[in-house]
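In what comes next, subunit A is part of two complexes: it sits with subunit B in the first one and with subunit C in the second one.
Take a look at the complex of A and B:
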């Protein structure tokens, strides 16, 4: 695709967002909704800009990001590890598969009260919830990626004299990377969602907590600010992961 | 034969195993806030026997079903159109991308300001939560339809809408159903969280009220009930899926994406 087509596509994509903001502006400026219910976009974005400068707000973002990254990292380590083990070892597979089958469709948010009671109201319960929710997409896509590795690749490596133990790291893992990264992408979005929800349920800081406090005092402007912030954070993190993906997969054929 | 029986029983064994780990863990920790699995399971009948709780839970399920159905009716056509037309896809993609990381249940406080705490607000939130994965998977499914089939359809005189229904929809069905499965679990998650935020009725309300009042048996029993709903709905959907798309390659028996 050439650059011009790309630009026009981007422009086309901006239209609905611009329309949504315009509609939002119109509803509030023609007085269909009072400012207390739907503050105009200008007010929300200037509030966001103003908040971004305050150390308080930065602190909230930092604690949300900390939980997000901690949970996500645990999920990546466990997910890739268990996924690879299950794909390469039939015994592990026989144990892991039914457990995953039961746990994957379980609504993890419902476990949160139990986590609160067990781990307390601090970071631990939230990080565990994020990890539990992000784990399964990463685990499953690692598993499928690793079990779809072409047998020919493994045979070639063996023919070239690669020891059996090294095949896992030299052949299977690299071949599964595209699939693992897809899982990580899904896991990352889920982490954003879950960390916010956990902070809404019980927290003393973080973006989710900001929303709840604003909702209690009916500060509509302050309710929009954390929502827009988490959306932006999600976009930025997604972009970073996309960058990592194109760096890691620079030798891979386009999928 | 033996292996088949075993593979059928495996999920059940896994459930029992997890309950056993729970039991052992709570016996070891021995704190009041972590009752044993047996105590929690024993509290389940008393919740399901209580008329009010049952009405609450059924209410939740009704909201979820309506919102889920509405989301499918909206999301599948949109996703298919995005998959077949670059124009439509590039029009909607960025909008979907910025809404994806927003927790839909977190919109609850704002939507409650507009629509009140009633059914409508909760159903709207579930609708939003379900729509995104279904749109995404329908989009992917429709994009992957072989051009040749469409050309043959066109050569045989099918109009564009006919091609959409008779070629694209069936060809994308396996992928669409994967999206629906993801959406189903998400609907349950959003249902619980929305009821937790708008404490008024429903399964989520029972769960979090019990937490606030320190009725730990009820907390864990509700977790079992909601978990069982998730596993049961997912298994039922998987049955339906394997019936509908028996012709497609044997799919994975676990949903791949949970966004």
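Take a look at the complex of A and C:
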């Protein structure tokens, strides 16, 4: 994609966001909702800007980001590892397949009370929950990507002298990268949602905790600040992943 | 020398029916010979090539190369597929260097060798392009260079020019002949084009409709080096083409009878 097409795509993407903010502004300006319940966007963004400078708020962001990254990374490592193993080894596949069928549709947040009891209220329980939720999309897309690798790519590598046990890393993994990254993208969005959710349910810090605290004391502006922050974080992280994707997939058709 | 010794191949299809793809094929290919396999689609040409490649093991019989039974793929037999099968994550140079690097050639030397090969197949200047940025003909040139790079004694080509337009196809045929006339590798070349088979080959193996059997082997006694323009006017060439086309017509009729 050339630079101009990219710019116009970004512009097109900004329009609906701008419209949503305008609607939000309109609702509060025309008094459809009391300012105490729905503060105008200007108020929220200026509060956000002011908060960003405080070390307290930075600490909340850092906690959330740490949990998000740790959980997501674990999900990537396990998802790609198990997905590749299942796609290339029938025994592993036979073991993994039924477990995935049972666990994938399970709402992982239902495990959270048990995780809290097992791992405590700190980082561990939240990281585990994020990892558990982000794992399945990554695992499944890795599995499908690795199962769909064109047979003739593998044959070409074998004829060139690649031993069978190296085919996994020399051919299957690189060929599956497009679909692995698709899984990662979904996993990243889920991670953002789940880390926030876990912090809302039980935490002593993090953006989700900020929201709950503000809500308990009816601080509408402070409720919206963490919400906007997690959205922006999601946007930035997705952009970074997108950049990594276009770099890694520069040789693949239709990116 | 490649010996295909009473090879049969049965595939179990989804309906658990046994499908006889190749039936009792015996064929000997001398070192340095250019042999084409010609036959209607579905007659088992690819399967036969995959057996020699070691990608598929025959249900019955044995295939040997240099007297040793083929048990798997090896760098002595290099495939070139109709679908190119280039590594999309590697550049042209990366694709061509892959084989030598696997063979333990040092990076700098593999690089130099590969650049020479890329030049030989007419792609100088495209070293850092990705396959998706090349036309079909160029992709097939890369695939050929990638295979030549690890110096296989035998080239196994499965309808390599089948996906190309007529003009590109002709150019690649000429270039392949030039390359072959230089180093005289053994080539097993699958095609369904009679012209192509006669133009390129020392021997044309005509197969019957499924289950694939060898119907006839025609020795093409045309002088080399062959020039396309001269050959097209050569009555001997025309005679071969007509003779083989008749054989294939008969084959089709065989297939229609129950």
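Going forward, the second predicted complex is superposed on the first by the 239 of 255 C-alpha atoms of A that agree within 3 Å, B and C clash if a C-alpha of one lies under 4 Å from a C-alpha of the other, contacts with A are read in each partner's own complex, and residues count from 1 in each chain.
Following the convention adopted for this analysis, contacts are C-beta pairs under 8 Å (C-beta built on N, C-alpha and C of every residue); 3 or more make two chains touch, one makes a residue touch a chain.
Here the structure is a predicted model, which means the values were calculated and not measured.
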Q) Clash or fit: what happens to subunit B and subunit C when subunit A is overlaid? A) fit
Q.
Let me test your reading of the model: by the given contact rule, A:69 touches which partner, first (subunit B), second (subunit C), both or neither?
A. neither
Q | subunit B versus subunit C as contact partner of A:231, first or second or both or neither | A | first
(Q) Going by the contact rule set out at the top, does A:113 touch subunit B (first), subunit C (second), both, or neither? (A) first
Q.
I'd like to know which partner A:24 touches here: subunit B for first, subunit C for second, both or neither.
A. neither
Q. If you stack the two complexes on chain A, which partner ends up touching A:223: first (subunit B), second (subunit C), both, or neither?
A. first
Q) At the Cα centre of subunit A, what angle separates the centres of subunit B and subunit C, to the nearest 10 degrees? A) 90
Q.
For A:45 in the superposed arrangement: first (subunit B), second (subunit C), both or neither?
A. neither
**Q.** Partner with the higher number of touched subunit A residues, subunit C or subunit B
**A.** B
**Q.** Distance of closest approach, subunit C and subunit B, by C-alpha atoms in Å
**A.** 13
**Q.** Residues of subunit C that touch subunit A when the two form their complex
**A.** 53, 55, 72-75, 77-79, 81, 83, 85, 87-91, 98-99, 102-103, 130-132, 146-147, 150, 152
Q. In their complex, what parts of subunit A are in touch with subunit B?
A. 9-10, 12-17, 20, 33, 37-38, 94, 97-111, 113-114, 116-118, 133, 136-137, 140-141, 144, 183, 186, 189-190, 192-194, 196-197, 200-201, 208, 211-212, 214-215, 218, 220, 223-224, 227, 230-231, 233-235, 237-238
**Q.** In the complex with subunit A, residue positions of subunit B that touch it
**A.** 10-11, 13-15, 17-18, 29, 33-34, 86-87, 90-95, 97-107, 109-110, 113-114, 185, 188-189, 192-193, 196-197, 207-208, 210-211, 216, 219-220, 222-223, 226-227, 229-231, 233-235, 252-259
Q: Over in the complex, which subunit A residues touch subunit C? Could you list them?
A: 150, 152-153, 155-162, 171, 174-175, 177, 250-253
